[in-house]
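Two complexes are shown next, each including subunit A; its partner changes from subunit B in the first to subunit C in the second.
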Partner chain A sequence: MLLEVRDLNIEFHDHLVPETVVYDFDMQMQEGDIIGLVGESGSGKTMTALAIAGLLRRHDMKKTGQIIFDNKDLLTCPRSVLRTYQGDEISMIFQEPMTSLNPVMKIGKQVEESLLLHHKMSKEERKKRALEVLKEVELADPEKVYEQYPHELSGGMRQRVMIAAAIVGNPKLLIADEPTTALDVTIQAQIVELLKKINRERKMAVLFISHDLSLVRTLCNRVIVMKGGYIVEDASTEEIFLNPKEEYTKNLIAAIPKCEKK
Partner chain B sequence: MKAILKKLITMIITLFIVSFLVFLAFSVIPGDPALSKLGTQATPEALEALREEMGLNEPFFTRYFTWIGSFFTGDMGTSYSYGIPVSELIMDKLPITLVLTGIALVIMMVFTVLLGIYAARHEGGIIDRILMVVNQIIMAVPAFFAGIIICFVFGLILKWFTPGAFVSYEKDFGGFVAYLIAPAVAIALPKCAMASKLLRSSLIEQGNMDYIRTAYSRGNTTKGVLYRHALRNAMIPVVTFWAMAYTDMIAGSVVIEQVFGIPGIGRILLTGISNRDYPVVMAIICLLALFIIVANTLVDLIYKWIDPRMRDNG
Partner chain C sequence: MKKKNWNLILGTVITSIMLLLIVVGFFFTPYDSQQMNIDLKLASPSLAHPLGCDHFGRDILSRVMEGAGTTFFVAIGTVLLGCVIGIIMGAVTGYFGGILDEILMRLNDALFAFPSILLALVFISLFGSGKYNVILALGIAFVPSFARIVRSEFLRCKSLDYVRAARLAGASHLRIMFVHILPNILPVLLSSLMIGFNNAVLAEASMSYLGIGVQPPDSSLGMMLSEAQTYLFRAPWYVLAPGVAIVLLILGFALLAESINKKK
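Now for the complex of A and B:
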C-alpha cells in the first residue's frame, strides 16, 4: 500500500461557525495507481489533495483522521519529517501554471530545487538531472528553457516545467490538482498524455484531480466522486461510466458533451 | 548597450531642461545680484557698471547659452559673494553631503531589510505590533525634528557626540564619519519606517502567492521559502521606494545640515539663495538634479537585475 487515507475530516475555524469541508474521506492507493478525484467546485477535492501533500498547515483549521504514506502518518508527524517527503516522495502540481512558478527565478533553478533540498548532489549533477526531466516532459530545447524565466514561456510550457520540477526527485506519488483547467483544449490533451506516459514509464502513482470527467476517463483506472465534502462514489473507471450507482454521478456523466460519449 | 545609450541621451536632455528651468526661474524672480553685492548705498553708476561686468545686461538667451556653454566645459562661473570659482567651492563641500546621504542610505537599507523581515515573520506578534506603532510615530516626524531630538538626547544629555563640533574630512576622516552618523540617522529614520512597513506588507502579500505554495510543496522550510523565493519578489516595490527616498534624502540633507551645523552643500545653497549668488545656486541645483538622475538610472538597472520581466521592455 502506497497511500492510505482514513476518516479524513477537515474543518475550518476562520469564521464564527466552524465549517467542515471534507467528511470521513477514505481512499487507498497502490504503487503505480492512477486515480481520478472528481467533483464540482467546493466539493472538497482540492482540500483533500492539499492535505495529502501536507500543504494545509494553517492554524485556524482542524484535521482529524490518518494519512498513511510509507507507514508514516503524515497528518500527525512533525513538520520536519513531513518535509523530507515533500518534493521527494510526494510532489504536487497546481491549477495555475501562470502563477505557480517563481517569476524571478530561472526555470532551471526551480526544476532542480527538490534535488537541492533532498539530495547531496553537485551542481553539475543537478543540472544534468534537470535537463533530463525537461526533455522527458517534451520541452523542445531544454538547454534554452533551463536558462529562461517563467514569463518567457507559454502556459502549456510552464505546466510542463511544473511537471518536470515535480518528478525530478522521482517521487512515488504525484498529485495533480486540476493541471489542465487553465490550459486550452489541445494542450490539455497533451498534458494528460504526458501524465499517462510518466505514470507508465516511472511507475509513479498519480492522483488526478479534475472536474472534467472526460479527461478522467482517458487517464485514470479508478475514480472517486466527491460532492459537498463527502465521497459519493468510488469505483473503477469502467464501472463508473457503464454502471453509475449514484444519481449525482449519473448527472456528471450526462454533463459530458455528447460527441465525447460516442 | 543600446539601452545604456538611450538612457544617457535621456539623462542629458533632462539635465538641459532642468538647467533651463533653473536659469529661467532666477531671471524671473525679483532681486538683483549687483545690488546685493554692493548694498543699497551704492551709486546707480557703480551698479550699472557692475551689471555690465557681470553680464546681466545681455539678453536672456545669450546669458543662458554663455552659462550653459561654460558649464559643460567645467567652468561654473565665479561665486559673487565668495569670489572663488564655483567648482572649487562645490568640490570642497560635495564630499560632505555625499558621505552624509551615503551613510543615511546604508542605514536605511540595512534596517529596512532587518525590520521588514522580522515584522513579516512574526506578523501579529507583540513585537510586530510594537514595531508598527513605533513606525507610525516615526513616519509622522519630519527629519529636521528628529534631528533636533537626536541632538538633544544623544548630544546634550547622553553626550555621545558634541552637536556643532563638526570635524573636517581632511583633518580626521574617522571623526568626520562619526559626526555624520547622528544626522544620517535623523534623515534615514522616517524613510526607514516607511520602507520597512512596505517590505513587511510586501512579504506578507507574497506569502499568499501560488509560487510560495509550490515552494513549500518541494519541501522548503519557512526560512528557505522566505530567502530563496519571497524576499526577491518582495524587494521590487521596496527598491522603487528606496530610490525615491534617496532623492528625498539628498534634498532633505540641506535642512539637516543646518540642524547639525554641517558645512555641506546645503549651507552654501541657502546662503547662495539669500545673497542672490546665482552661479552657486544654479550649479548646485543642476548638480543635485544630475545626482537624482544618476540615482534613478542606477535603480532602473538594479530593477532589471531583480526582476527579469523588466529586462525585455527597454
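Now for the complex of A and C:
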C-alpha cells in the first residue's frame, strides 16, 4: 500500500464558527495507480490534495484522521520528517501554470530545486538530470529552456516544466491539482497523454484532480466523486461511467458535452 | 515608437554628476577644505574660487565636495542599516504571521509614531553625536517603513503557487524567504530604498542643521547650511552652494525611483 487516508476531516478555525470542508475522507492507493478525484468547485478536492501533500500545516485549522504514506503518518509527523518526503517522494503540480513558477528564477534552477534539497549531487549531475526530465516531458529544446525565464514560455510549456520539476526526484506519488484547467483543449489532451506516459514508464502513482469527467475517463482507472466535502461515490472508472449509483454522479456524467449528429 | 524615459535619463545624469563630485572630492579637492584664509573671508565667486569662500575664507567648492561625501555616506549607512533590519523583520512577520507578527508590528507602530528626528535626538543625547551615532539613530528610525513594505510584499507572495511549489519541494523556511520570495520583491524594495535614501539625506541635513549631527571638523551639507544662514544676505552664494547640492542629490535619486516605479 502506497498511500492510505483514513477518516480525514479538515476544519477551519479562522472564522467565528468553525467550518468543516472535508468529512470522513477515505482512500487507498497502490503503486502505479491513477486515481481521479472529481467534483464541483468547493467540494473539497483541493483541500484533500493539499492535506496529503502536507501543505496544510497551519495553526488555525484542525485535521483529524490519518494519512499514511510509506508506513508514516504524514499528518502528525514533525515538519522535518515531512520535508524529507516532500519533493522526493510526493510532489504536486498546480492548476495555474502562469503563477506556479517563480518569475525571477531560471527554469533550470527551478527544476533542480528538489534535487538540490534532497540529494548530494554535483552541479553537472543536477543539470544532466534536469535536462533529461525536460526532454522526457517533451519540451522541444531542453538546453534552451533550461536557461530561460518563465515569462518566455507559453502556458503549455510552463505546465510541462512544472511536471518536469515535480518528477525530477522520481517521486512515488504525483498529485495533479487540475493541471489542465487553465490550458486550451488540444494542450489538455497532450498533458493528459504525458501524465499517462509518466505513470506507465516510471510506475508513478498519480492522483488526478479535475472537474472534467471526460479527461478523467481517458486517464484514470479509479474515480472518487466528491460533493460538499463528502465522498459520494468511489468505484472503478468503468463502473462509474456505465453504472453510476448516485444521482450526483449521473448529473456529472450528463454534463459532459456530446458529439451527436442531429 | 517607444517613449523615452526622461525620468531615467535625467535622474542618471544628475546622480552621476553628484557621485562624480563626491568620488573626486574623496581623493582630491581644489583646496584643503580646512585651510582658512582671513583675506578671503566671504569672498564672492571668482575664477580661483568658483563658488566663493565662507566666513573663515575656506573654499566653498572644496567644502561642498567633502560635505556631500559625508552626507552621502551617512545616508547610505542609514538606509542600509534600516533596510537590512527592516527586511529581516518584515520577512519574519509577513511569512510566519501569528503572535510574533502582532508583537513585532505593534512595536513597529510605536516606533513609527515617533517623529524620526525626535527619536534620533533622544538617541544622540544618550549616546553622543558624531557620524556613526547619527547613522545608528536614523537607521533605527528608518526600520519601520522598510519593515512594513517588506511585510506586505511577503504577505502577498507567500500564498502564491510558486512558493507552495517550493515548500512542496521540501525547501526550508529560510530558503523560501530569502531565495524564493526576496528576489521577487526587489523592484518594490529598490524604489523604496531610493526614497528612503532621500529621506535620509534630508534627515541628516536637518540634524546637522540643528547641530546634533555630524560634528566639526567633519563637514556635511546640513552643517554648512546652518553656518551659512547668518550670512544669507551678505554672501548668498554661501547658502546656495550646499542648498543646491542637497537638492540635486535628492532630485537625482527621486527621478531614478520614479523611473523604476513606472517601469513596473
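Here is the rule we go by: the second predicted complex is superposed on the first by the 259 of 262 C-alpha atoms of A that agree within 3 Å, B and C clash if a C-alpha of one lies under 4 Å from a C-alpha of the other, contacts with A are read in each partner's own complex, and residues count from 1 in each chain.
As a convention for this text, a contact is a pair of C-beta atoms (placed from the backbone, for glycine too) under 8 Å apart; a residue touches a chain by one contact, two chains touch by 3 or more.
Nothing here was measured: the structure is a model prediction, and the numbers come from that model.
Partners subunit B and subunit C, once the complexes are superposed on subunit A, run into each other and clash. With both structures placed on the common chain, the touch criterion links A:10 to neither subunit B nor subunit C. By the touch criterion defined above, A:209 reaches neither subunit B nor subunit C.
In the superposition on chain A, no contact is made by A:182 with either subunit B or subunit C.
When the two complexes are overlaid on their common chain A, residue A:151 makes contact with subunit B while staying clear of subunit C.
When the two structures are aligned on the shared chain, A:55 is found in touch with subunit B and with subunit C. Residue contacts after overlaying the shared chain place A:94 against subunit B and subunit C alike. Of the two partner chains, neither subunit B nor subunit C is touched by A:220. Common to the subunit B and subunit C contact sets on subunit A are residues 53, 55, 83-88, 91-92, 94, 96, 99-105, 113-114, 117-118, 162, 165. Within the complex, the subunit C residues that touch subunit A are 98, 160-162, 164-172, 175, 180, 183-184, 186.
Remark: subunit A residues 53, 55, 83-88, 91-92, 94, 96, 99-105, 113-114, 117-118, 149, 151, 162, 165 touch subunit B in the complex. Subunit B makes touch with subunit A in their complex at residues 209-211, 213-221, 224, 228-229, 232-233, 306-309.
Residue ranges of subunit A in contact with subunit C, taken from their complex: 53-55, 59, 83-88, 90-92, 94-96, 99-105, 113-114, 117-118, 162, 165.
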